[in-house]
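For clarity, chains are labelled A, B, C and D in written order, and residue numbers in each chain start from 1.
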Amino acid sequence: MSERDLGKADTGGAHLHRLVLFSDAVFAIAITLLAIEIHPPEHWRGVSDLFRQMWPKLAAYAVSFAVIGVCWFSHRRVFARLVRADGGLDAFNFIVLGLIALLPLATELLWEQRGGQALPVYVGHVALIGLAMGLVWAYAAFVGKLAEPMPLGEALYVLVRVTLLPGLLCGLSIYSLIYPWGWALIAVVLLGLNWIGRRLAGPKAA
Amino acid sequence: MSERDLGKADTGGAHLHRLVLFSDAVFAIAITLLAIEIHPPEHWRGVSDLFRQMWPKLAAYAVSFAVIGVCWFSHRRVFARLVRADGGLDAFNFIVLGLIALLPLATELLWEQRGGQALPVYVGHVALIGLAMGLVWAYAAFVGKLAEPMPLGEALYVLVRVTLLPGLLCGLSIYSLIYPWGWALIAVVLLGLNWIGRRLAGPKAA
Amino acid sequence: MSERDLGKADTGGAHLHRLVLFSDAVFAIAITLLAIEIHPPEHWRGVSDLFRQMWPKLAAYAVSFAVIGVCWFSHRRVFARLVRADGGLDAFNFIVLGLIALLPLATELLWEQRGGQALPVYVGHVALIGLAMGLVWAYAAFVGKLAEPMPLGEALYVLVRVTLLPGLLCGLSIYSLIYPWGWALIAVVLLGLNWIGRRLAGPKAA
Amino acid sequence: MSERDLGKADTGGAHLHRLVLFSDAVFAIAITLLAIEIHPPEHWRGVSDLFRQMWPKLAAYAVSFAVIGVCWFSHRRVFARLVRADGGLDAFNFIVLGLIALLPLATELLWEQRGGQALPVYVGHVALIGLAMGLVWAYAAFVGKLAEPMPLGEALYVLVRVTLLPGLLCGLSIYSLIYPWGWALIAVVLLGLNWIGRRLAGPKAA
């Protein structure tokens, strides 16, 4: 590798660093804005009445906070595997951020329940974020060659994991609020993914 | 330590760095959003009338600003002792951030005083933040082994301090607005904690 | 270069770093605030009705998100060529940030369509951002000597590109929503700029 | 200097770095929130009518944007002279940030003009920010010994400059909107400060 190439790699690294900081800022703002549309009720008597009235909003807040948390976690893991950035990564990452920034709106939809189908819209939105994150990884790993070298199997595993996890976890979590044994399903999914991840990482560690 | 382990430690360090930046962004946004629900009164005549009308909101703002300041201070001190991060730390830290982001709502509750028990709800909320911060430290120091090596006594002291300080300071501060000698209690608590902290750090420095 | 000069260059580098982080934060907040004025409709029946009612707002959101994306991209490319910062750069960069922070307002103007000329005001606003970015680059490259050394032709090319791109892309994109062959114009502009950029960079690479 | 001292200095450096990033985030959010209370007018006909109606809000926005810009500039220059941070610096810096975060509220006061004395309240608020910034510098330079070594005269000059500049510039700028020769006063103040600054830095450079 010539010095010029090294220089270019460095630039790509600084680009990656700035992209990560920018994404973090958008995640942090979206997660904090989730709360600002929540206001105290007009009238309330005592703590238990306050919580009874605010329950739907606080539950929707907690769900969305967890959703953005899972997405941030996915985003961090994807970007930890990258070594540089380019314009294409910027563009696909912007789609993810654009959907993340809309989550406060989807959350408002969820707690207001003015229309009958707020829940599928919300879960669909979260699934879309997963899909966009999958696009980011697919572009970075297979098109832009921005990731550190890894076996194809691992790259595909990351793709499946990143694409499906947000929608799956969100759908199952809400499902679990109605049918308690949904939590068992979530545990199975997480343990299964963990097991596949370890099996894929295993030979490398040996 | 093999090269691979070093690599893993590095990754944990980058993870820690990104987690700290993300947390800082949430703290900064929450602290700035405290002010945006405050609006000037409809009618006012002269500066003194303006302050008389805005007094409750500005006082609640100052209290919440100080609360987030103390929490940020605690958070900074906890994370300065960590050397790496993992998924569990992410999760517990997210609970802290979720409670911090709700503080503008609790502040609104405080200044509106529409229900009779806004004050205990607010102090309870702040105490909960301390508890969550305690969980972060307990996980990092005792479960995840993410902290730099330190004597058990010091780790336990940090735990107690981080868990109790926010709620205690907040409760005592508000108490002091009514009973002026509450300030003396605060001074005693802070000096006492400082004294214990120095005694614990003492043998190491000797 | 004496040690003192090195020290000054270092300071300029830290200054540049802090300026970039500050700008990124403003971009990230503006891009996330685009969404918070969007609220769900009062009444809606089913998913398709929801999207029919929210369509104008979501379209305006997508356009503005893309606009800030393009501006961030331009900003990143300009600042990647700088090696230090000074007070003049601060001032010109603040004009850019001031216009970026107004974009949520211009977006609201766009989707409300209460007056007849919201579209030209919006495109004019975006063109103004390009102009301000051009000022930043002109100051940095020609007055403050803050950029890394490069041929005059390349510096002028960056100036033209940075100044015209935001307004041109935004105008053509909106135009393309009405006349589909506007997309071909965009492709021509982007390919043309790319071709000139490569020709300018070409001799250096040879 | 022993290794332990070095370690402490390092920790102070990391502390300083985190404090600067945190402050930048608050500045960036406050500056961006200035715009979100501005909404388009209910009815407007054509571009000139739009600007005629929005003129007071846009002017107040521009003034506040410039004020935060000047404060950020002061803050950056103060913190560029520091080598480490401590708890006292945190506390004084928090007062600055608390006042900065209230500036969107003061700006709203300014453009609504519901009371007769919005202007002196606003200028007083800005002057208070300068005072708080002066406290930060006085603590850092004279009490906490957190600054790099410099002659006493220079430290005092920074103190005067940082304390008076925001209020002075803001007061004179608004004054200049009424009496145009106020701009000449601003030029005199800036040139005078620049001249003193150079004379103080002069002997060092010789």
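Throughout what follows, a residue touches a chain if its C-beta (ideal position, glycine included) is under 8 Å from a C-beta of that chain, and two chains touch if they have at least 3 such contacts.
Remember, it's a predicted structure, so these values are computed and weren't measured experimentally.
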Proportion of interface numbers common to chain A and chain C (over half same, under half different): different
Remotest chain, chain A as reference, centres from CA atoms: D
Inter-chain centre distance, chain B versus chain C - centres from mean C-alpha coordinates, in Å: 37
Whole-Å separation of chain centres (CA-atom averages), chain A against chain B: 26
Where chain A touches two or more other chains, by residue: 21, 25, 29, 33, 36
Which chain pairs touch, all of them: A-B, A-C, B-D, C-D
Residue ranges of chain B in contact with chain D within the complex: 20-21, 24-25, 27-29, 31-36, 38-47, 49-50, 61-62, 65-66, 69, 72-73, 76, 80, 205
Residues of chain D that touch chain B when the two form their complex: 4, 11, 14-15, 18, 21-22, 25-26, 29-30, 33, 36-37, 87, 90-91, 94, 97-98, 101-102, 104-105, 108-109, 112, 114-117, 120-121
